[in-house]
Amino acid sequence: MSGFDKVVTSYDDAMDGLKDNMTIIAGGFGLCGIPEGLINQVKKMGTSGLTIVSNNCGVDGFGLGVLLEDKQIKKMVSSYVGENALFEKQLLNGELEVELTPQGTLAEKMRAGGAGIPAFFTATGYGTPVGEGKEVKEFNGRPYILEESITGDFAIVKAWKADRYGNCVYRHTAQNFNPMAATAGKITVVEVEEIVEPGELDPTQIHTPGIYVDRVIQGTFEKRIERKVLAKEER
Amino acid sequence: MSGFDKVVTSYDDAMDGLKDNMTIIAGGFGLCGIPEGLINQVKKMGTSGLTIVSNNCGVDGFGLGVLLEDKQIKKMVSSYVGENALFEKQLLNGELEVELTPQGTLAEKMRAGGAGIPAFFTATGYGTPVGEGKEVKEFNGRPYILEESITGDFAIVKAWKADRYGNCVYRHTAQNFNPMAATAGKITVVEVEEIVEPGELDPTQIHTPGIYVDRVIQGTFEKRIERKVLAKEER
Amino acid sequence: MALSRDQIAMRVAKEFRDGNYVNLGIGIPTLAANYVPEGIDVMLQSENGLLGMGRYPTEAEVDADMINAGKETVTAITGASIFDSAESFAMIRGGHVDFTVLGAFEVDVNGNIASWMIPGKLVKGMGGAMDLVAGAKNIIVTMTHADKRGNSKLLQECSLPLTGVNCITSIITDLAVLEVKDGAFHLLERAPGVSVDEIREKTAGKLVVEGDVPEMQLD
Amino acid sequence: MALSRDQIAMRVAKEFRDGNYVNLGIGIPTLAANYVPEGIDVMLQSENGLLGMGRYPTEAEVDADMINAGKETVTAITGASIFDSAESFAMIRGGHVDFTVLGAFEVDVNGNIASWMIPGKLVKGMGGAMDLVAGAKNIIVTMTHADKRGNSKLLQECSLPLTGVNCITSIITDLAVLEVKDGAFHLLERAPGVSVDEIREKTAGKLVVEGDVPEMQLD
């Protein structure tokens, strides 16, 4: 089954084909479950004019935030941004464009992109700035807006374990946007904590079937914690 | 956490509230992964004028097929029907209405119904009888049709294991339409092979979170096989 | 006396029924988890993908892969489930979450809410707020009745960009509990010692007061 | 000589490349799994929710919870994944399956296909066929070139209700391999011993023949 072996051994191979002005869909919520090494590889490559679709944009010096340092990002599609000073500066300077998208709509747009659904109706955002200019249609007397799906030239994903065929499982809430991102890339690259052999993962418990995955790379992760809060008795 | 204990101990309780002319969404593919006891309970109750949304309609004398015997079904929404003689007879007599829906569209309609999406665009069925009378819209130069979602007064689902909070896992390909059905019922009833205590199922490996589930009942299953085919050397 | 943040949270928690699934926004809403009445269990939904959110972790339990929607480290209760963001918002948008509690800048008599954007200030985004107000079965808005300069937050018409329209029915402030219906705020309860006149004065939108308005029970 | 069913399947299997994900319809398409060339591995997708479908089970392996899209008992290969029907059709409709192979009653020069309904006969349904032809990256139609009465199935315009429009590019019959483009059938290969004239005679829709048409290689 060598034709199904998705494992690559260098970050250069993992992100091979990435070019200026492409769109990258990135998994992760805050700093949780982000493909740290793949992001660093994009920084190393110096690719610019990128559109990044991701719920957040990291922090100063970590996660997607590092791509701001050399102004590699042209546009962010996110639900919540600005956790770092550099982002704010580039946004105010007009060096960076932001398309704010409700979190659930963003997740659904990625899923729809991967599932061949070009657009769907949702109540979210109707009557707000998000709904401006979008088609409105009533169903059962309630107005909904039409939202179009998202696909990317690349999807970069962080999984816990993957087998050589690209079957992935995620750990705890590091799952977040990763499974949807994985379906929506023309080329989907998964950075994992552990590569296992086919058969080691229970077939009924796979979060992302390998058919969505093009490349798998063994990563090492810092897993920085954004807001460490302890139980009262430990504070 | 007694408020979250979804377990009921009788089939009467499991299907309490079912009335004539209601819509039931049923999980299962062919005879695989069907809520056998819940179907039999509907037969016992004699409820009539039912709209049943299910990929298939069982066979003569088993599965949803038993609801044909007393003409309880007014309309089937399915992708493939007519595996039994009684179905064919009632259809030709005009006693039964069928809305044929592509299998993928049917699955997506159930998911959308549960997820608050009233309608979505799909390429499936465009230019065919399925697309007749439906809105057409082009995205990236390709025409798509608008399909509306489905919800039911009841959803009847077959799971392998569920805990008392209604968290469910399915076994092998008996998963099929069950997870989507579970999300789309006003009242969702799950019939399971085994009820376990909360904590026994791995939180990251739950197919249907308990929030979708209203009632859980321990069932016994015949699990009839529709087409037993053996490896060549065993034939 | 106007309620403290904790007292508002306390009053919010009295709305919950046994077996409710609840999503709590950042700030006062989060505090409500501390005041769920005895004999009542609720299950907390965190929109990043966790149903059955537990307490904060001990140092030994801290896990970078286990966070809540506020990006704080967290634990899961026994019987929790963890899933992806599309599933999480399917629950929210599909109307499966019983209560959403969230803060707001403004609410108006038509149930419109503004909570995410003040023009001229840096806009960080709406996160999941628009999904939550569009999808939850019951929404409770918690906020102070007026801002620090005394301007009412309960308006005839919201002035800020909206988070959602015609979606708010229930408001719990430091002064009152109100229902939004038929194009007006209906005063249901007063904070202990707060007069109807004071509430009337601090409510810019149409206020309906019928009969004697009872004081809130907080114990 | 017209090809046998197994020979059509053999020719189909030569289209597969190492690492392809393939969905095979009932009938001749299913046979193609037996003829995948040496050195080539494909993974079979079964639209009820199985990626990595294996052989039929032994008596001891038979499991009512393990079936394929034809409702037959089946096994899974090592490294398979099993999922719900929405996920399964997300793969299909999202263009992630490399090849769909399916039968048809008719195909026309515009790539339209009719495969599920003959008016006047009992209509059992389209199952997943409409999703498969709308979504797969590459579709191969397998069928006999003409029906039992000698009527061509390759038409200028389909006469039966359609399964999909403008979606078929590749047809493998008992007589020929054809590409559908620019409003015509383009003859690529002939079955061994079958003349271009015979194919021309049995093709009702516009047929383009350019240069020498090679015979199929089946070994």
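A few remarks follow.
Each chain carries a letter (A, B, C and D) given by its place in the written order, and its residues are counted from 1.
By our rule, contacts are C-beta pairs under 8 Å (C-beta built on N, C-alpha and C of every residue); 3 or more make two chains touch, one makes a residue touch a chain.
According to UniProt, the chain labels map to these proteins: A, B = CoA transferase subunit A; C, D = CoA transferase subunit B.
Note that the structure is a prediction, hence the values are computed from the model and not measured.
Contact tally for A-C versus A-D: the pair with more C-beta pairs in contact is A-C.
Taking each chain's centre as the mean of its C-alpha atoms, chain B lies 29 Å from chain D.
For the pair chain B and chain C, the distance between mean C-alpha positions equals 35 Å. Within chain D, the positions touching two or more other chains are listed as 76, 82-83, 86, 89, 92-93, 134-135. For chain B, the set of residues that touch two or more other chains comprises 108, 111, 115-117, 122-123, 170-172, 175, 203-204. All chain pairs in contact, by the document's touch criterion: A-B, A-C, A-D, B-C, B-D.
Residues 108, 112, 115-123, 137, 139-140, 142, 144, 148, 169-172, 175, 202-205 of chain B are the ones that touch chain A when the two sit in their complex.
Residue ranges on chain C touching chain B, taken from their complex, read 17-21, 40-41, 43, 45, 51-52, 76, 78-83, 87, 89-97, 134-135. Listing the residues of chain A that touch chain D in their complex gives 1-4, 111, 113-117, 163-165, 167, 183, 198-199, 203-204, 206, 209-212. Interface residues of chain D, counted against chain B in their complex, comprise 46-50, 55-59, 61-68, 70-74, 76, 82-86, 88-89, 92-93, 112, 117, 122-131, 134-135, 161-166. Against chain D, in their complex, chain B makes its touches with residues 29-33, 55, 78-83, 88, 91-92, 100, 102-108, 110-111, 122-130, 160, 170-180, 207, 223-234.
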